[in-house]
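Have a look at the structure below, then the notes.
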Amino acid sequence: MCEAVRNETGRVISAELEKILCKTIPVLDHGFIRVVDYMGNDSSIVQAARVSYGAGTKQVNEDRGLINYLMRHGHTTPFEMCEIKLHIKLPIFVMRHWVRHRTANINEYSARYSVLSNEFYIPELSKIAGQSKTNKQGRADDQMSSEDKSEIAKTLSEFSEKAYEKYSHMLNDLGLTRELARTILPVNVYTEMYWKIDLHNLFHFLRLRADSHAQYEIQCYANAILDIVRLWVPFAYDAFINYRKNSVSVSKKCIDLNKKMLQGEKISQETSGLSKGEWREFIEAFDLKDMIS
Amino acid sequence: MCEAVRNETGRVISAELEKILCKTIPVLDHGFIRVVDYMGNDSSIVQAARVSYGAGTKQVNEDRGLINYLMRHGHTTPFEMCEIKLHIKLPIFVMRHWVRHRTANINEYSARYSVLSNEFYIPELSKIAGQSKTNKQGRADDQMSSEDKSEIAKTLSEFSEKAYEKYSHMLNDLGLTRELARTILPVNVYTEMYWKIDLHNLFHFLRLRADSHAQYEIQCYANAILDIVRLWVPFAYDAFINYRKNSVSVSKKCIDLNKKMLQGEKISQETSGLSKGEWREFIEAFDLKDMIS
Amino acid sequence: MCEAVRNETGRVISAELEKILCKTIPVLDHGFIRVVDYMGNDSSIVQAARVSYGAGTKQVNEDRGLINYLMRHGHTTPFEMCEIKLHIKLPIFVMRHWVRHRTANINEYSARYSVLSNEFYIPELSKIAGQSKTNKQGRADDQMSSEDKSEIAKTLSEFSEKAYEKYSHMLNDLGLTRELARTILPVNVYTEMYWKIDLHNLFHFLRLRADSHAQYEIQCYANAILDIVRLWVPFAYDAFINYRKNSVSVSKKCIDLNKKMLQGEKISQETSGLSKGEWREFIEAFDLKDMIS
Amino acid sequence: MCEAVRNETGRVISAELEKILCKTIPVLDHGFIRVVDYMGNDSSIVQAARVSYGAGTKQVNEDRGLINYLMRHGHTTPFEMCEIKLHIKLPIFVMRHWVRHRTANINEYSARYSVLSNEFYIPELSKIAGQSKTNKQGRADDQMSSEDKSEIAKTLSEFSEKAYEKYSHMLNDLGLTRELARTILPVNVYTEMYWKIDLHNLFHFLRLRADSHAQYEIQCYANAILDIVRLWVPFAYDAFINYRKNSVSVSKKCIDLNKKMLQGEKISQETSGLSKGEWREFIEAFDLKDMIS
């Protein structure tokens, strides 16, 4: 279905994306992402914006400038006019985060209809880490002994094998229905899906999942998709990186504090009126670590 | 933007739909529909279904049969894997029904940014009719005198002209802001939008809006879109017509009544246990008008 | 948070639902459903319909009659005006079906933030069954030996215990981050969520998940929710049961066949023009098993 | 339906919101907002967050602090656990902006079923203004003569009267069906709806529609709703005002520029590397008008 067909079309194309269409991009140990289909390119965003804003867009007569303007000002609907469809292979625990993005279309492999393959995600040793003390949902910087890491990798690997043996035994030797046999499989087993989403909602997904607070494994997928988006809609990609991915939201209070500092005032957490958490976030957002002792 | 470009693509195409790409299909007196872009064809539905149901779909080895099966059994997600983008010009009162379909992407012409054109929907004389007595939301069969029809058409037409004059006067002579000037325009004024939707949700739209209970004017648009869908995904179109558009939902009570009749029992509204409304709907759903006096 | 508070409110209430508010309704071996909050009752559906249809609803002057009418005619928006919030404990493999209903609000227990409990779903012996031959996604009627059933239950149970041991060991002895340790847990482990949904979308969920084609385990939850809905909105519940849950969708072709039979014609699959699959569905929909040899 | 009922409930209440339940809050000349029903209060947000983040939320042991944290960090799902239902009377042109918020439930008065009232929005003289030169979608600061304003108000008012006369004539004297007669009415005619939405999506609505770039008339509604939200969920309201409504999103480039300025560098648009539009936005976001000549 996804060999190198060459069709003629009257639709707009994205020349760079065409080059990787249907190619498998490996992610993690057994996963992948593959672009199955797409609709639109940078010009589709501009086209939709010009319908909405009519004469209002004439003054911004360059496509890149208009796309930057739309992104900076939160005019999101023109980005909904591009759509992409991906074939993705991923562990179930990653899938469970993924489906929380509700504005997408999904067809997932069904373990009620079919038998799952013997493929489980086992993290590389360098990605095995302790619980972060400061981040309740994250990994600590690397302090774990390599013996412990090896033991963990071995445990995960052997236990997954064992799970698959039990699964196969119940299916094949005892004739158990697939929908019950699969309940023994751990959430690191791989599944597959077709996933179709518009560019605006994809950017929302990427902002959350290519973020350093997302679990490492879903970040790997999000980063692979960022590369795809760069090929597909290069202007929109740049606008996203500059004005959303690398942007921060700052409160009026922080703007006021910053202004006082610009006017020469010395500020500390105590005099700032901010809570400790907010102060830490202020320092980080305004990149002031080296300026405030 | 929509001239006859010819691009090479590795994506699947719909050969018949390509032929009308960007062509303007007239609807009502000043409206139109134009296919701007699309994603997928019948094979995309099959492709997604095979991912979901895996081995479960092997036995239905023909695409048309599988699509019929999916439609009959309400397996709707594979139909979400096709997407279409239309450019539509339509009166505001039609647009107001249209936007109630929330699972679509819209960019509408903004009368805050730009000046609206002097185009208003005036129904043909044959479409002007009295209020239906039985259908609170519909038109009566044609009983109105042609004098009355002509007066109505003249009223609508002259009043729309007058509205546009006032609009232009306030805009041009008094310098009123567009966002206030447009508040004088009646809901029969034309607007435009880009509308993008997946095939499953489009079928839902078509089932409601190509229905005889929908207002005539939106039916015209829905019927034009049905023709487009027939070209785009002929198998899915046939399945939709046979198993959804021309299907009826019947209650257990009606199935039981029908069975009694098949077994030779005579049934009337009084003996049926149905309310008058239900009985009328039963006769209609089972097409029994000529069998029950 | 959910003890027997007694507050005064100016909002409408559902007296029967109030009685079970916050009470835990057990489902499966360790699961439950608990009504946390709700908005509206049958009168809220009527109230919204009267705003939409105005004078058009005057003739149907009884609430139950109006609700039946709305349900029969697919006027779904008034049902969106009621909302319910449930606290649910369920196995992950059931949760994975559940989240496919996208028009709901979810807060799920996070295994990145917190440690999961040692609770796994093990089916009762009577629910352990072989793969259905005719239904690719279902269980066979009970042919399995009780020895095999016991072996399966034992395997599932022992393996789940083992998984939890490994999980605890990696967490506690090796200090592994929670987000990786949990990847070893099978999909029969229990999770919890708050789930909030409007009545229209809940009915959609119930039609699919209280259906005999849904996996038995999610049916248990759907049936428990049906009981809740019966207490909450008794008129809407009855309308749903009569006109949607126990209704069937039949094609024009089947209506025509049925009419021929009513007129005395003998029909068989060969003469019907239906495919074998459609014929089987026709017999089932019209409940004709005992009338056609 | 909305008189002063007093029911007992086991649900949480919002004591301040109860006081205005069902009361009509006037907006514009003929419009209003009325709280019909609601679900949840500040504690519901905390409750949902504690399910999701479990032990992870223990350290933030105060409700207000936790709600602030959730808002600052974009943890939006707990806010979806509160829901409100409003009865709103508003001009059609405002309604047309309103429905673009798709994640809400709506029942609108139907002009196919019922006759519209003779009520049209006519702006106060002080709100009548010319087209802004710098803002393509806005009003200019007040330069218009009071004669012109009066003429505009008179035009709008007289023309609306005339439209209603024609509407009534076609309906009553010529018996035209309602669905066509209403097409003559201008978009300043009032309509009504029930509108139900969760708190997260309501905040999104408020951020866009209580913003100074929104049309003045919808701002009036948004501001009235802000007052309602303040009574309903005071902690969430404060968090919203501080961390979202009054926050700005700033790009990495602007953070870097600001840092240079903090370090004593002089920056102008030419040396900044920003486009003119970005520079203007930078000055505005960081409130630097008085610091940069």
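Quick notes on this one:
In this document, chain identifiers A, B, C and D correspond to the written order of the chains, with residue numbering beginning at 1 in each.
As a working rule, contacts are C-beta pairs under 8 Å (C-beta built on N, C-alpha and C of every residue); 3 or more make two chains touch, one makes a residue touch a chain.
Because the structure is a prediction, the values reported are computed rather than measured.
Both chain A and chain D derive from one sequence, and where they touch, over half of the residue numbers involved are common to the two copies. Centroid distances built from C-alpha atoms place C farthest away from chain D. Averaged C-alpha coordinates give centres for chain B and chain D that are 31 Å from one another. One finds 36 Å separating the Cα centroids of chain C and chain D. The set of chain C residues touching two or more other chains comprises 53, 55-56, 106, 110, 113, 136-137. Remark: chain C residues 53, 55-56, 65, 68-69, 72, 74, 136-137, 208, 242-244, 246-253, 255-256, 258-259, 261-263, 275, 277-278, 281, 285-288, 291 touch chain B in the complex.
The part of chain D that touches chain C in the complex is made up of residues 1, 4-13, 18, 21-22, 36-40, 43-44, 47-49, 51-57, 77-78, 80-81, 83, 85, 87, 105-110, 113-115, 192-194, 196, 198. Residues 91-93, 95-96, 99-100, 102-103, 106, 110, 112-113, 121, 123, 128-132, 136-140, 144, 148, 151-152, 155-156, 159-160, 162-163, 166, 169-170, 174-180, 182-188, 215 of chain B touch chain D in their complex.
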